[in-house]
Every structure is written in C-alpha cells, then in structure tokens.
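This is the structure, below, for whatever I ask next.
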C-alpha cells in the first residue's frame, strides 16, 4: 500500500509558539487513517499545516510524490485535497446551493455540477436537498457538518482531511456520519480523519496515528489499538471505551 | 550619570549619534535667542518646542499604545482656543491663562474619555475613521461659532504683561540680546517643553507604560494576563490628549493668536503623522529629532526647492515637481518609504548603527 | 442516467430566510418623517431627489471601499485619490470635448459625460492597480501600517494632481441640456440629479447582479465571510482581491466625475473632503456589506439635504449624529457581515 501523503519531520511555529515538534506521518492510499490524541496535541495544527494555512518551518510534506510544504493553500487544494476544518467553514450568508457551487471548482453555474455526483452526495445527506435554497447559517449543527463534508466530496478528491466532524453532534447524527464516511471509504477515498470520538475511530479507521505534544507517538493498525486497552490508556489518557 | 539616568527615567538614547544629536538640539534650543538672532529664527525655535511636545504626545498613542487617532489636532486646538477665548473674554493676564488652560484641560479630559470609551472597544480601523470624522466636525464647529471662536479669522489677544513683547525685563541687553517679553515667553515654552517631555518619558517607562507596550504587541495576550486593555488604552488616549492640549496652550501664548488654521487643520495632523513615523515610532526621542528636522525643512527647505526649481527651468514636468509648494510631495514619498523600509525611523536607524547598549529588535504593530 | 433537475421545487416548501427589512424601513421612515417637518410637498420632492442623487453618488464611491475591506481586511485611507483623479480627468475630457458639451442637444451632452466617465474609470482603475501592487500589497494584515501607508499614498497622489492640473479650483460646468430642472407643479427636480440617480441605480443593479449571479461574485461574497476557507477550496483569492480593488477604484473615479459635476467645480482636496463622508457611510452600512452601503449612503444623502434645509448649522453634524444613532442600535452596522 503506497503512501498517498507523507510527512517527515514537520515542525510548525505559530508566532513564538512551537506547536509541531517533528511530525512523521504516512497516509496510505485508499484507507482511512485516524489521527488521535488529547486536546492540544497538535492534530488540527497538523491538518492546517498540510493545507498550507500554517507554514511548516521545517520538514517535508509529500503528496503523490510532490512536495507540498512550499505551496500556497489554493495550489494544495487544487492538487486534489479536500479540507473540512473543525469550525466547518460554512459560508453562513450563502445558500446551501451556493456553498456547493463554490466547492465545485469545475462548475460555473449550479447547473454545471455533475448531477450524478450531486445525487450521490444527497444520498448521504438528504437534508441538503431539502434545504437547497436556504442560507447555510440557518441550518442545524448536524446539517452544517453534513454540508461541510458534502462540499469536500461534491467533486472527486484524492485525499480528504476531516477535522473532528462529530464534535458537538447528537449520537444519531454521528451514526449518520459514520455511515456516510464508510460509504466514502468503500468508494476508495483516502481520508485522514481527526477524531476524539473513539467509537467512531474504531468503526472507521484502518490505520491510526496518535499524537502527543506535537509529535506522533504511535503508529499502527486500528485493529491492534482497538484490542489493546492498556495501550489505549497509555496513549489517550483514559479508557476511551467510556467516551461514546 | 546616575542623576541623568533618573531624569531620563532610565530611557537613554542608546546611541552615540542620537545622544550627540539630542545634546546639540537641547543646547541650540536652550540658547536660541542668543545663538540665532532675529524674529524668524526664534519663531522657528518656538515652533520646534511646541511641535516636540505635540508629536511626543502623539507618539504616546501611536508608538507606545498602537492607536491611530486623527483627533489629535482637536485637542491641540482646544488648548489654544482655551487660552485665546479666556484672554479675550476675561481680559489678558495670568488669571485668564490659568482659567483658559484649566478649562481646556477639563474639556479635553471629558472629550478624550468619551471618545475613548465609545470607540476603543472597536477595531483600530473603526477608531481611526471615527476620530477622523470627529476632528472634521470639530473644525467645522470652530469655524461656525464665530461669536465665540472668531470663526475663520480666529482670535488675537494679548498675553500677560510679563510675556508681552513690549515688556522689558532688563534695561540693558544681555550678551547682545534685548531681553523682552518675547524672550521670556520663549523660555517659558522651553522649560515647559522640557518638563513635559521628561514627564512623558517617565510615563512610558513606568509600569503603566510597559503595560501599554504589552497591549500594543498583543492585545489578546495582555487581556488574558488580566489587563483590561480598554482601560489602559482610554487612559493613554486621555494622557495624549492632555499633553496635546498643553502644547496648544503654549502655541497660543507664543503666537498671541489662534485660528482654525494654526491648530485644527488636517495638514497639521498629517504633519504630526509624518514626523512621528519618520522620527521613529515608540521612542519619544523620535519626536524630538523629527520635529526639529521637520520644522527646519518647513521653513528653510522651501528655499532649497526654489533653487532646484530654478535650475530645472524649462524642463516641463520636473520644474513643477520641485516648486516649493510641492514640498509635501517629497515629504509624502519619504513618509511612505519610511513606513516600508525604515519602520523604526531615524532614531531606530541611529540606534541600530552605533549602539551603546545591545538593542532589542522592536516588533512593530 | 439520472436526469434529476435542481431541487428548486422542493425548496418552496421551506421558505427562504426572511429578508431583514428594518433598515430599509428606517430609510423610508426618515423620508416620510421629513415631509411634515418640511411642510411643502414640492420642496420635499426636490430635496428627496437631491438626497437620493447625492446618496447614490456616495454609494458608487463607497461600494468599492466596503468590499475591499470586507474581502481583504484592508481599509484604504487613500480612497480619495481615485475620486480626485476621476474628477480631474473629467475636467480635461469635458474641456476637450467642447463641441459636444456646448451643444444644446441632449445626446451629445450625454455622450460627452459618458466618455468622461469611461476615461475616469479607466484612469482611476489603472492607478488603483498600481496602488494595490505597490502600496497596499506589502502591508496585508498589518492594519496600522495600512492606515499610515494609504494616507501617505493620498498625500502623494494629491500633490501629483496639483503638479499635473495645478493647485487651484477648476470649474466643471454641466453641459447645456442638463442644466435647469423639470417642473412638476411646484416641485423642481434638477435634470442632472435625475441622471445621477439613474447612473447610481444602474451601478447598484449591476453590482447586485454580479455579486448574486456570477461565480466571481459568489467568490467575493464568500471571501468577505471567510477568506481562508475560500482558499482551502482552491481559489487564488489574491488575484480576486486585485480585481476588486481595481473595480473599487474605477467606481470611485466614476463617483468623482459625478460629484464634480454635482458641485460644478473640482479642487485637489476633493478626495479628502469626500473621504470622511464615505467612511461614515460604510460604518453605518456595515463593513463589507453592499446593501448596507447602499442604504447607509441614501440615509446620509437624504439627511444631509433635509437638515441642510431645516437646520443648516446642524447639517454638518447630522452625519455623525446618524452614525452614532445607528451604532447604538446595531454596533456592527445596518447589515453586519457575519465573519468567520
């Protein structure tokens, strides 16, 4: 299994703060890689660094063999990476339709969006079809999250970076989310998923990387981590079976 | 050395060149009536003194607190008009001066408080725009209330006897100089300017001043540590306004006249801005060096430009570019270049060149 | 296979979010309130048209500024330089087209004005391009330096205008057929003001169309809300910004022409004079909001004219008073742009 995305020795500074202290990470193609860790471990920062929103001060980021760390965010996105930030990044004054139109780079008008792809997206998130002309800001939290993910998939992307999609969502919606992401996985999408919700991680993850203090402290298969409660305790601070 | 340290509130020039320049300036200004005979020269020196205080008070806001306020000339004007109106209404004399100054300070205090509390909660952009509007309104007000302020023509008045030009303090000339009221007024300005400057130096080097700088560097962090930045910025705003008011009063005493053009015009605001940036933001000494250079240029550079224009006679556009009226163009260009390439101004350059002590690089807002 | 149409029909079951009409209502209220105060309906009509004309000219000038701020967080304190450039270019163009401006017929007159507007927009736009590249770009994100540098740019610009056109006032007379007024009973409506209103409404309509119905407009609206996300979706927003800046400068140039004709004369300080007015307007409207700018500009225009008639001494402070009143009601402006 080839690594679609590879980070080597990545450091990131934000102002005077040294956040990432040499991150080594591999994201195999066609799999879901979970990025786990405590609050403040540097998971979101890692995603942002990959996207070029924060510059890596040191190290390499390679995507399909191309170095990313010197590129600007728009170029990184154009290389085929879709990003769903923790804050979702929904344009609240724009309608659902307009949000998706923006995400569909190939389309000049809404009619140009690949209808099959759109229907497929609606299949995961029927609410979006219902609220098509509604301002995105008026959607519920769960619906916004769905829109954020829909934006990342409305056109095919080689890699998806998703940051804590289940945060603040009701369990039933989280299940929806898991189902949708499973479908995506079945369609051979490569996903790097940051999550605190260990159930979700177990359900979706193929490989896993655990971060602490700006470093990756464990890499391996999800199945192994799921079976080893002792390891879970050590790495993640508490028995995450308790966390739903 | 210790005494000097204390007087300067431990904020030394930190550069051989700068120290030399400052000494030169202080000596020249202290003995100006003796060294540079003639009414114009003395006038130029007096203007320098007033401008030093005015620009330093603005540096307190811009350089130390990171606030851009376009209402600074308003407070300058309030001080000048205070003296003028009091002297006109109450008859000239020290009582008028005292009342005028007190009233002006009170008004400035209230206004700066109100403006500060209302707008300092908002982003810097907002604040800058609002102060711009307020200053414009005030200028219009001063022109409109002509019964009170003399309108466009302004107010001429007389100084207390001691400060009147006709007053002869000494029967015999001292060292070749006739010591009249004008000279006394000059020394009043000199002493006041020096003391005000030293007080400002003390303020910016006090714990209060350090909090201001912390807020300037990182508002958010300062708040997190526990300093309510609104309070500090308002206080800084008030202090700056008060010092500017006194500067205005000094100007009025020197000119024995106040009008919308001498204090309230937007050009003066731009001049202050130009000087504080070119001189060096956040140094206070920049105000001294910058003001001196600026006033010199304003009065004597024009002659240089006239010469250049004459030399370029016949060359169509170039001649127009160098007419003495267009000196603001070159100042503007210098200003833009300063912001880009010399953000620390003249003082910063001097300090970086030959430091007497290791200088910490200043991060500018 | 699937021939699903866009789900427009489905959405009719869910109403679109209600449009916030309160500021528009306030605008109408302002106009209606003035009527009893002024007394005579004919005077009211004259003043209202004058107010709308002035307001629309201010809107044209301010619209670019508010978008530039909303999109890139850059406040151009030197926006006045484009206004002045436009106005002065117009003086040269109109003087050069004396054949058309002196003619008593409407068409040549309009033609001359149209050419002047076009020239002004081109020149102002070009200067805007240089301004953005040379002066603004190096200081993205540094607010303090932006204020200083753009002010510096305005100083230099004003001086250069004085070099080219001279420091004195230049008259900009209205062409023959646009002088005077239409008379509706007692109400006199100046012909030029009608033209200004028409041009203003056209600009507004075009702006709304571009912003609402094109992808570029969509990008601008999204960028105003969340620049980072737009970049993450793969768009080079820097290029967009230059474009918006140039358009904003061109619009300011257009506004300068109209303003100059409104005053019938042009001075180098014209930029600085209008600057304060447009700042007040964009603060009232909400930084980044086109609609807010529109409503705010109309309010300022109407108020200036009503107050100018009713209480001239107060008129100059009416704008500030309005700004304070609006900010007390909505501290972010009439139509705040929800940011990030």
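A, B and C are the chain letters, set down in written order, and residue numbers restart from 1 in every chain.
Everything that follows uses one rule, which is that a contact is a pair of C-beta atoms (placed from the backbone, for glycine too) under 8 Å apart; a residue touches a chain by one contact, two chains touch by 3 or more.
Bear in mind that the values here come from a model prediction, so they are computed numbers and not experimental data.
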| item | value |
| --- | --- |
| Touch-based graph of the chains, sorted into line, ring, star, complete or other | line |
| Most distant chain from subunit B, judged by the mean position of its C-alpha atoms | A |
| Between subunit C and subunit A, distance of the C-alpha-averaged centres to the nearest whole Å | 42 |
| Euclidean distance of C-alpha centroids - subunit B vs subunit C, Å | 36 |
| Cα-centroid distance, subunit A relative to subunit B, in whole angstrom | 56 |
| Set of subunit B residues in contact with two or more other chains | none |
| Residues of subunit A touching subunit C in the complex | 51, 53, 72-74, 77-78, 83, 85, 87, 89, 91-94, 97-98, 101-103, 105, 108-111, 115-116, 118-119, 129-135, 137-138, 151 |
| Residues of subunit C defined as touching subunit A within the complex | 1-4, 6-8, 10-11, 14, 16-17, 215, 218-219, 221-222, 225-226, 228-237, 337-338, 340 |
| Residues of subunit C touching subunit B in the complex | 69, 75, 77, 135, 138-139, 142-145, 147-149, 151-153, 155-156, 159-160, 162-164, 167, 272, 275-276, 279-280, 283, 287, 313, 316-317, 319-320, 323, 331 |
| In the complex, subunit B residues that touch subunit C | 62, 66, 68, 122-126, 128-130, 132-134, 136-137, 140-141, 144, 266, 270, 273, 277, 317, 320-321, 325-326, 328-329, 331-333, 335-336, 339-340, 343, 364-365 |
